[in-house]
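In the two assemblies presented below, subunit A is common to both, partnered first by subunit B and then by subunit C.
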Partner chain A sequence: MNSKLKIVYNGLVTENPTFVLLLGMCPTLGTTTSAHNGLAMGLATAFVLMCSNAVISLCKNLIPEKVHIPAYIVIIATFVTVVQLCMNAYTPALYETLGLFIPLIVVNCIVLGRAEAFASKHDVADSLLDGIGIGLGFTLALTLLGCVRELLGSGSLFGFVLLPEWTNMLLFVMAPGAFIALGLLIAVKNAINPSKS
Partner chain B sequence: MKKLESTPLNMVLSLTGICLAVGCILSGVQLLTAGPIAQAETESRQAAIRAVMPPYRQLVSDTLQGFARYRGYDQQHRLTGTAVQAVGNGFGGPFTVMVGFRPDGAITGYQVLQHTETPGLGAKMTQAFQTALTAWNPCSGPMKVKQDGGEVDAITAATISSRAFLAAVNQACSVARGEAVYDGSTSATGTAGCEQPQPVPADTVVVDSVATEQPVAVPVAPRPRTPKPAAVPEESPGPAPEVVEPAPQVDTPTAATPSVEAAPAPIETPSETVQPAPADATDEKADNGKSKRKRKRNRNSHKDEQ
Partner chain C sequence: MNYLIIFITAVLVNNIVLSQFLGICPFLGISKRLDTAVGMSGAVAFVMVLATLITFLLQHYVLETLHIEYLQTIVFILVIAALVQLIEIMLKKSVPSLYQALGVFLPLITTNCTILGVAIMVIQKQMTLAESMVFAVATSFGFGLALILFAGIREQLALSEQPKAMEGTPIALITAGILAMAFMGFSGLVG
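Our next item is the complex of A and B:
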């Protein structure tokens, strides 16, 4: 049981994809203009990560070594398309804000990275837990980054206006602000919980 | 179970099997979601039409040079307003906007249906132009941002989005009048339709009927865009506040002027935006420039004195 919890904790903190592994920077910087967008993107990625980890772990012995990358990509792309179609059908408002970034989950290196590094070597349950851990870690990081950027850039949090308009720093809504906010958050994370390297 | 060897046959079989399974899953999901997706799109479009147009009893749609146009009619089959779905090429890619018009061509409102503009910058287009658009006289030529010598304030740090938005709205205006699509090349295009409205094409479809009283004869009968005021059917007292004026058509610029002045006053910059004719506007602009210069000169002279 303890080892199972450790897998989740590993993905959430020790190997947090955004703050420690620094993987999947494109959606991290692109979608976190608001806390809501960051959360939704994180959850969508977490779902894909869980499903792909489980399925890849399940059929890892059916995939010959030389074609494992295309096979993994096809499986990942399937789940991404399922997420995209479902989002478009049942949450049109969310799809409107995130629609552009959903297909990018396919090329998010976290998903393929975990398939390659973890799911292809562990059993289904562990792979699923790894997907949950890494997915939640990614969601947490994106939501935090989205909160910081929304608060500094638009003076609101999850759409609720908290600060007067003159405090808005436009920079944080744009890409350069994303880099700055991400750097600051990594610094804070390292101050609290230094990574080994 | 042991891992499969990487023989050519195994590789082909494995990939083929995976792709087959995936194809089945995806087609299933596609079948399941196709209905809700189409419904969500229709609903958002209907909601946008209702939001931007004056109230109507019946909605008729047609397509003009690839643009969807929706026209609303009241109980007496008089035109109450038009809505056009226009496409613009914004900073972040194409966007769709639904623009509503009164029968005289004045804009009643707009709603951006879909866009990929930068949040906090170009994305402000969903709200930023409401006042400017409803105060704008459609017969005074195409709208332009101030950077291009026009009257409309562009969104700060999003001039490209603003330009694209106004181009889309100008396009929608042309389509609403039933004329050639505005291509942004000449400034005269915008006023042409004010004098020469074209007959309504016949390929109309009733898409949204609020009243069930006389839903059939609507599409071609009213001919609201013919230049003669006689095209307006019997003036019966009905609940049609938008068409009470005897001449909803815009025959001449002079006919259009009073209706625009009667439009709800803009909130932010009342004195400048209600200008009915572009000539006056430019005059005032020139005056502003002059007075500014004068003020500067005065300030300079004060400095000299000190």
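Our next item is the complex of A and C:
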């Protein structure tokens, strides 16, 4: 496989942030009440991840070693503020639903984790691709969890009713369902692909 | 009375971990043993109350006076990161015994979303300074309660036999789900 494609594939599958690295659990559980919300949160995080990875990779030689963590956090927080202001202006309803989790992208361990583990060691193009891969992997996982919860909880998918006769299992839209659904999804992933660790 | 309602709501009804989904990373990561769970809860409580106090004052006396509220996210996270560093240095010098107990957890706290989450929440809910302090204390108490309960369950869980695919995180998440269900029972407590 082409090495550039491999970086994207690595983020999407081999090192999927949610199912393999088990990072960024708060938004994963908190925003996936429906497939739509999961997708939106995933894309917002992916945007921040791409931009911060690219900028950090560009600045890596300018930032003194001792203050690299605060410097990275400022760069990440800048892009989070950009996302925050854009969502507030163009998609106010979505901004309202995702609420606190948008500013909290700053403390999402995936973003800082990739900055530290990848962007600070690779060139811009590779870092950008890594951002895209990990971002899409995160989006994929959130959408999947959102789909499962929405389907079980209200018999619909992206707002379209698929199972009109369905007895809504409201539990899956509420807090406990998030934990249980994610636990089962990871168990399924482990059963299919037990090679990890 | 109002303060009591804020306290009970934050600890039981809207538990920060089990119903707000903040601080899941330490909740899953540091809950394998009871003693580390206690240490982490202590460190979180300490930082949360201080961080909420400082960010509250900054928001009302600096950001709002200068009309630069849009810098909230950047300013808050920097203040929290600096505060954690400062606490670490001060504890190391002045209270080494406390530093021994909390030291390893302190660097992890910067990226603990409960701290930034609470700092932003008290601004969004337009609480007064006293309410914010009660809220911060109660939230850290709720975090500790959930973490310590969960660590107790996981210590037992480690001794039991599980299907191969369920070992580790999956079973922990499902247990957390059941614990969250138990906390849902409190939802009618405060009207």
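To be clear about the criterion, the second predicted complex is superposed on the first by the 188 of 197 C-alpha atoms of A that agree within 3 Å, B and C clash if a C-alpha of one lies under 4 Å from a C-alpha of the other, contacts with A are read in each partner's own complex, and residues count from 1 in each chain.
Throughout what follows, a residue touches a chain if its C-beta (ideal position, glycine included) is under 8 Å from a C-beta of that chain, and two chains touch if they have at least 3 such contacts.
None of these values were measured; they are calculated from a predicted model.
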Which superposed partner A:124 touches (first subunit B, second subunit C, both, neither): neither
Touching partner for A:190 - first (subunit B), second (subunit C), both, neither: second
Contacts of A:60 with subunit B and subunit C, given as first, second, both or neither: first
Which superposed partner A:13 touches (first subunit B, second subunit C, both, neither): neither
Which of subunit B and subunit C A:33 touches, first, second, both or neither: first
Partner, of subunit C and subunit B, that touches more residues belonging to subunit A: C
Footprint overlap on subunit A, where subunit B in one structure and subunit C in the other make contact: 70, 74, 78, 81, 85, 100, 174
Residue ranges of subunit A in contact with subunit B within the complex: 33-34, 37, 59-67, 70-71, 74-75, 78, 81-82, 85-86, 88-90, 92, 96, 100, 153-154, 170, 173-174
For the subunit C and subunit A complex, residues of the former touching the latter: 18-25, 28, 70-74, 77-78, 81-82, 110-113, 116-117, 120-121, 124, 163-167, 169-174, 176-178, 180-181, 183-184
Residues of subunit A defined as touching subunit C within the complex: 22-23, 25-27, 29-30, 69-70, 73-74, 77-78, 80-81, 84-85, 100, 103-104, 106-109, 112, 171, 174-180, 182-184, 186-188, 190-191, 194
Residue ranges of subunit B in contact with subunit A within the complex: 1-7, 10-11, 14-15, 17-19, 22, 25-26, 29-30, 32-33, 35-37, 40-41, 44, 93, 114, 116, 118-121, 157
